[in-house]
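Per-chain numbering from 1; labels A, B and C assigned in written order.
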């Protein structure tokens, strides 16, 4: 990997170079009850809107790759016959400016399912291949358990990655396009002092991870504790609302529904991101529901993420960003749930 | 003369359709007429024979009846029974028809005579406890909302005409709200019934930073016990929550299990 | 200035098979419903022919696989192919009108063009079963996915030893494919039918499918350990009882095959709706051996 540094104030040049493209980045979208900024990923229209100092965002960048609703095809119907038209719904490369390691890792995990060798999903793949990603290092929050999930650092899946050294940015360069773009900035090779500063900062960041999940032997423990009463307790709390899946950067489950337009001559096939916690997730035609109660659905969610995916890809379908726990009004968090399965005790 | 139309080779008739209102603001019917871009297509979907807000013709020959409003007077019971007699499909349009709606707030008062006096003074009218349509007749299906959402009505009527099954989302508003990328209103300090209310409105109010008032009634398996805890945790007074739950009448039976 | 290039995914991976894969994700064959037979009050058998001659000829599937059938604007769903693999893209699907898509399907006429994609999923290893006894055990609609492997057996009858069909239906009026029973028997297939509730016309046995199976196991000396394969398909509750009996009769679990039913929205290992644990019924199933079933929580 190539490393360079550029002065703090050159960040705006980088922004200007990329500004002609649709550019998505973290921006403040409101204040919470404690008057702190709430951040989201959205289209950035001026450099001032781009807030690389953001702690986390309430939603991931998933919506730009897997929109909550996306048309898979449209139909024209005529005289008893029909034609189908498919559009992947992407027309321009998009710049993603300011993704934390967890969010880039989340994309890498989604790639395994959605761009993998078996029926790759062109709707996702086409958007994924048209992403230019600038990663940025983070300050761990009290709920971040990415380190336990092995998602606190990222080695691939981005074009360049920035770390703020104070007066300059340390940049890891992973693609030729990124290198070409950086040549338009006053870049320099990092000095020995820059190396030291970078390593110090990384050490400091590592020390700041406070939230942990013990995921050792988790696949086995989940199997052993399949009948555990803790699932009932968590299920009783669960609102079956799907908020956790909506904010999750790695949840990709969906449902497909078709709509006929009012004039009855055109129709649309649409997919809607779904959540395995929603009551009808596993309901079949005729009404039989394979997971009719919220404990079984919540349990399934953990099984898929921490057992099944682990089995298939040797990693969990979770990057430890903690957004689900932050979004859950019933305070169901991954560390608490996994801990309770291990200890057979649910925190009040 | 309407031309014959088909869908996948099946002839699709133009069902004769009538709109009626009982005690209501007629806002749901107005809502149907609100979207000019698709209005003509919508009106072409069925043959409207009775719709007081748009036409003066009246006919009692119809297959589908949309009934807005709740039942508050004896003559409305008679009217509703007549509609049921005629209509092959009776649709409850809007929260008043489905649950009693805002009207049913008066049921909170134990002394109806006092209510009448307060509202109508010395010009009393005949009025009784507010009830939804389903207390008197079989309702074939409901369109929830106060007001109903035009897009949803269009989809439902299209499905009805085609003979597709009509299904409401079973999950709560939170799903649509988070999918829209909204900031949770509890985070902003505002109470919201999104976690328990049936979705389908695309989180209309929360999209505009207004907490949900539950006009669409409870989602399948709504977890009201947990809602109570959430409200407590966010220091929202119980009464504020009950005011919302009671507002449209959808939660009346679900609330019986909650502690006051 | 260096520009970011737009990547067209379909041409991006021209060198690999990916191009056609990506392009095929939403691809469906146009297929015409050539005839519709009413089997019972709720089930109909649809003969569906892929319109394009070349596509029809190249359409190859294995017994137990399913297709996604789409009615534009109405919906799409998985249906087990119940015709013989030797007939390629001349498919037969047996469908119970039970939901939105299937109810609409029951209204369309001969000549309607539908979309077919697939075939998807795993299949019954009919070649491996050659030179063995074959037990086909079906409850209710479970007879539908068994019909394709049955055709394979019928077409190569001499390669199989004793073949039994044990079929349990709720009542005689719900029995499927009655017009073919005679033909099956002519192929020296031992067909045993049992119903839950008899009607006036019913002469056969009344009771549970396990009673018939018990008899069959008894004639085998309570030992199925050598040279027998079983295919089991039916409602979830039936699996437990039937598979337990087979295991008790020492039939090895990797010789018991089941076909599972789940909700599917894509058929392509994406939507997760059919997941059991994180096993996709559409990719790793619908046909599983019993060992795999035991290793999946809540599979049956």
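Please note the rule applied: contacts are C-beta pairs under 8 Å (C-beta built on N, C-alpha and C of every residue); 3 or more make two chains touch, one makes a residue touch a chain.
Bear in mind that the values here come from a model prediction, so they are computed numbers and not experimental data.
**Q** Using the touch rule from the top, point out the two chains with the most contacting C-beta pairs.
**A** Contact tally peaks for the chain pair A-C.
**Q** Could you tell me which chain's Cα centre is nearest to the average position of every protein Cα atom shown?
**A** A
**Q** Counting only Cα atoms for the centres, state how far chain B is from chain C in Å.
**A** A distance of 43 Å separates the two centres.
**Q** When the C-alpha atoms of chain A and chain B are each averaged to a single point, how far apart are the two points in Å?
**A** So the centroids are 36 Å from each other.
**Q** Which residues of chain C are in contact with two or more other chains?
**A** 71-74, 99-100, 111-112
**Q** Pull out every residue in chain B that's touching 2 or more other chains.
**A** Residues 7-9, 162, 164 of chain B each touch two or more of the other chains.
**Q** Give me the residue numbers in chain A that touch at least two other chains, ranges are fine.
**A** 77, 80, 82, 259-260
**Q** Which residues, counting only chain C, touch chain A once they are in their complex?
**A** Against chain A, chain C makes touches at 1-2, 4-10, 12, 18, 21-23, 25-26, 28, 70-77, 96, 98-102, 111-113, 115, 261-263, 265-266, 268-273, 275, 277-279, 283, 297-298.
**Q** Which stretch or stretches of chain C touch chain B in the complex?
**A** Against chain B, chain C makes touches at 71-74, 99-100, 103-104, 107-109, 111-112.
**Q** Which residues of chain B touch chain C once you look at their complex with the stated criterion?
**A** My answer: residues 7-10, 162-165, 167.
**Q** Please output the residues of chain A touching chain B within their complex, sorted ascending.
**A** The contact residues of chain A facing chain B are 29-33, 38, 40, 42, 58-59, 63, 68-69, 77, 80, 82, 236-243, 246-247, 259-264, 272-273, 275, 278-280, 294, 327, 329-331.
**Q** In their complex, what parts of chain A are in touch with chain C?
**A** Touching chain C from chain A are residues 17-18, 21, 72-73, 75, 77, 80-82, 84, 86, 88, 91-93, 95, 113-114, 118-123, 125-126, 129-130, 132, 177, 180-181, 184, 223, 226, 252-260, 267-269, 271, 274, 276, 281-286, 290-291, 296, 300, 303-304, 307-309, 311-312, 317.
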